[in-house]
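Both complexes shown next keep subunit A, but they swap its partner, so subunit B is in the first and subunit C is in the second.
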Partner chain A sequence: MSVEKLVEGILSGKRRELARLISLIEDEDAIASEVLSRLYKNTGHAKIIGVTGPPGSGKSTLVTRITTEYRKREQSVGIICVDPSSPFSGGALLGDRIRMQEHSLDDEVFVRSMGTRGHLGGLSRATSDAVRAVDAFGKDVILVETVGAGQSEVEVIEIAHTVIVTDVPGSGDDIQAIKAGIMEIADIFVVNKSDLPGADKKVTEINAMLDTDQKMGTWRPPVILTNGRTGEGITELVDMIEEHFAYLASSGQLEARGLRRSREELEQLMEYKLTRELLSTLRGRPEYENAIREIALRREDPYTVAERLITEFLVKCRE
Partner chain B sequence: MSSKKIRVLVAKPGLDGHDRGAKVVARALRDAGMEVIYTGLRQTPEMIVRAAIDEAVDVIGLSILSGAHNAIFPRVMELLNAEGVDDILVVAGGIIPEDDVPMLKEVGIAEVFGPGTPLQEIVDFIQSNVKK
Partner chain C sequence: MSVEKLVEGILSGKRRELARLISLIEDEDAIASEVLSRLYKNTGHAKIIGVTGPPGSGKSTLVTRITTEYRKREQSVGIICVDPSSPFSGGALLGDRIRMQEHSLDDEVFVRSMGTRGHLGGLSRATSDAVRAVDAFGKDVILVETVGAGQSEVEVIEIAHTVIVTDVPGSGDDIQAIKAGIMEIADIFVVNKSDLPGADKKVTEINAMLDTDQKMGTWRPPVILTNGRTGEGITELVDMIEEHFAYLASSGQLEARGLRRSREELEQLMEYKLTRELLSTLRGRPEYENAIREIALRREDPYTVAERLITEFLVKCRE
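Moving on to the complex of A and B:
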């Protein structure tokens, strides 16, 4: 499918073209960057919401409920669910759609499941490009579900305006986990499964933890109790998302974040392209392979060799 | 290194009350390196086709036990045709009488796997017939 046809299709709201573009992004096809570069000026309109937390805490259920609420408010919704690929087979079982049945025929909702694969440019690259594609497609709100644990999830979440961290009653251990990492990224905490014993205690614990936090800025993350099964607390949650967005806009953080993200993205892209250029001129050449052998044999050192190769590359570039 | 993967929608149309069989197949496909999107029970043909398009799958695996395949499978094919989709391989499994198989193949179901088909056979069939 041509770049032209993809760009036009996506801008005129054709799901199939959007779906194709996301596949090209996942497959790291060069056409994807061409299409995305053409779409870039049509992006930046969607409100991006990250939902992260342990498996089984109700993320998909909440995403569905939040979608229902946004649909009531006449907003269109894109959903991207990221699940881990098997490190052994590279395959993945993506089951988040099971919870999203009620939106399965709504034209204003687009749902896409992604495996983490072993992405060259990192999971965050593929996910943020997919989000960008959905943004260009014209969705008002984009929800990104990721399993919260490692670094890659934290990276994915950097593209979100508002990050929701989910938790459930019971097991006090995860307070430690929250403290250790996810803490800094949460704009809103959700204690889901309010029907289970210990829900109020969990809310109190998280609040206590937040009250002792030194690093907190001017936004103090609220803790909201929800029931994914009945939908209790969801209106409040969506109101809070809106409030957070308004806060970002009025405090100037929206603009600051936009600048920071653009800088990061530009620098990452340059780094990636430069490295690829450099390596493509080196790899496979006998001198290069030889230098590597010399380093292994301790007859050369990697510091000097790196310095030399880069200087040679730069000199060649200037010619 | 290309990170291309075969994407499969495993769908359960009809009123079947359980999906053990479909889940076993889904896991086997994952273990063969495919990305399997599983959508749960009681999918209508419309839901299946919509999910297949949004997820840009290469394969749809339909699994049914309840005997409604003669109505549902042709309907899925009809909707795919109406959307202009001709690059998705559609296979079926479950309890499907031998006599119905020719008609299903006639409407475009590439293969019908009966109960007890070795999982490897399904994996092999998909890998060698996927349309890309």
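Moving on to the complex of A and C:
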């Protein structure tokens, strides 16, 4: 499919072209960069919401419920499910199929899974590009759901305006440890599965943690009790997302975040492109392969070799 | 502390200097690179074992038990605990304190935690550097434990010779999804907490999954039943680690891995250094800050700006 056809298709709301672009993004196809570059000026309109939390905390159900609520409010929705540990992509996950069922006849909802597809490092970049594609496609709200704990969760902040961290009553010690790192990224806490014993206790615990947080800014993350099964608390949650977005806008943080994201993205792109440029002059050349062998044999060290090759590369620009 | 003093201290087995170096690595201090560069030729002797798996699968206890078993075999041990979601480092975690207790009087065991310490992207690199430091320090075996699921787990492969993936009987659906991605990185599966109901069933399940794996090489990952509390299965597990290492050596994979790691490391270092070089010419300059503003306002797109700035940078080398 040509760049032209993809750009036009996406801007005129064709789902097939959007799905195709996301596949190209996952494959790191050069066409994807070109299309994204062309679409860039049509982005920046969507409200981006990250949903993260430990496995089993009901993120998928919650995302489905939030979608239903936004559809009631006549907002269109895009859903991106990120699972760094899954080799699946393109809607193969169980969670997607369930969501598909509920929203499959609704043209105003677009759902997509992103797995690792073999290569890992690129998932965070691919997710950010996919969100951008859905933004250009015209969805009002984009929900980014990340499975599991760790680095990938924290990378959600860089994409999202509002980060929702989910938890369930009575989760154990390991979860407690996770909390420490996740604390800082939450704009809204959700204690899901409110019908389980210990739900109120969990809310109290999180509030207590928040009360001792020294680094908190002017937004104090609320803790909301929900039930993905019955829908309890979902209206309140969506109201809170809207409130947080209004807070970002009025406090000047929306603008500051926009600048920060633009900087990060530009610098990541430059890093990627410049490194590719350097490596294209090195890979496959006998001197380069030999240097790697010397490093493996501990006859050279990688730090010294890296300095030397970069100097040579930069000097070569003179020729 | 001077580069000289750190290098000498570490090569002569001083724990204080090793701990100091790891802190410098975490802080991305320039001295750390210099020390590591000097130590590089003294590395490559340690057997590096990654231990990963979902929260609550008893990784910490398992690591302690493996350590005890290796100490019985008169091997010295280094332990690096990686927790991408924790802001703590330097041995502040509960798991460490427990380990410290058991091995704290043993000079042949070195334990260290690595958390995010505020910045995230650098954790994987910092872990790899810390393992190298412990290797140069002279430990025979280095255990790298990663908490949680996701990208960080998979990054362990790049460091470890042998990857142990832990699981527990009766873990739920979300865990099942994690399994898909983790399958490929495991050299040995451990079903821990063998006294829980469903332990044998879990072993059968994993074996069944392995039997349908199309991409498997000549090493068929064994599934071992252990009990971190009683020590059951630990001797067998350590025997299996040794067997896997012997397999790597005899099949030529040890050498191939060494080359791959050297290549990856060299390329990562070049990426890091070259990007730093580029950014030092840009950051803070009014034209650069202005370009970022134009991107945020969607009047320019980051792809085009990245291309332009890189071209300008490379041309500048001519002047």
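Rule of thumb we're sticking to: the second predicted complex is superposed on the first by the 276 of 319 C-alpha atoms of A that agree within 3 Å, B and C clash if a C-alpha of one lies under 4 Å from a C-alpha of the other, contacts with A are read in each partner's own complex, and residues count from 1 in each chain.
Assume a contact is a pair of C-beta atoms (placed from the backbone, for glycine too) under 8 Å apart; a residue touches a chain by one contact, two chains touch by 3 or more.
In this text the structure is predicted, and so the values were computed from the model without any measurement.
Q: Identify the partner contact of A:K5: answer first if only subunit B is touched, second if only subunit C is, both if each is, neither if none is.
A: A:K5: touches no partner chain.
Q: Looking at the overlay, does A:E26 come into contact with subunit B only (first), subunit C only (second), both, or neither?
A: A:E26 sits against subunit B, while subunit C stays out of touch.
Q: Quick one: classify A:L36 as touching subunit B (first), subunit C (second), both or neither.
A: In the superposed model, A:L36 contacts subunit C only, not subunit B.
Q: Name the contact category of A:S104: first (subunit B only), second (subunit C only), both, or neither.
A: After superposing on A, A:S104 lies in contact with subunit B but is clear of subunit C.
Q: Counting only touches as set out at the top, which of subunit B and subunit C does A:R16 meet: first, second, both, neither?
A: After superposition on chain A, A:R16 lies in contact with subunit B alone.
Q: Give the label of whichever partner, subunit B or subunit C, reaches more residues of subunit A.
A: C
Q: With both complexes overlaid on chain A, does A:R112 touch subunit B (first), subunit C (second), both or neither?
A: So A:R112 only meets subunit B here.
Q: Counting only touches as set out at the top, which of subunit B and subunit C does A:R229 meet: first, second, both, neither?
A: neither
Q: Following superposition on chain A, which residues of subunit A contact subunit B and also contact subunit C?
A: Residues 85-86, 88, 93-94, 115, 120 of subunit A touch both subunit B and subunit C.
Q: Note which residues of subunit B are touching subunit A in the complex, please.
A: Going through subunit B, the ones touching subunit A are 1-5, 7, 26-27, 29-40, 46-47, 50-51, 53-56, 83, 85.
Q: How about subunit C: which of its residues touch subunit A in the complex?
A: Those residues of subunit C that touch subunit A are 33-34, 36-37, 40-41, 43-44, 54-56, 83-88, 93-94, 115-116, 120, 123, 147-155, 172-175, 177-178, 180-182, 184, 255, 258-259, 261-263, 265-267, 269-271, 273-275, 277-279, 291-293, 295-296, 298-299, 301-307, 309-310, 313-315, 317-318.
Q: Would you mind writing out the residues of subunit A in touch with subunit B in their complex?
A: Touching subunit B: residues 15-16, 19-20, 22-23, 26-28, 85-86, 88-95, 97-98, 101, 104-105, 110-113, 115, 117-120 of subunit A.
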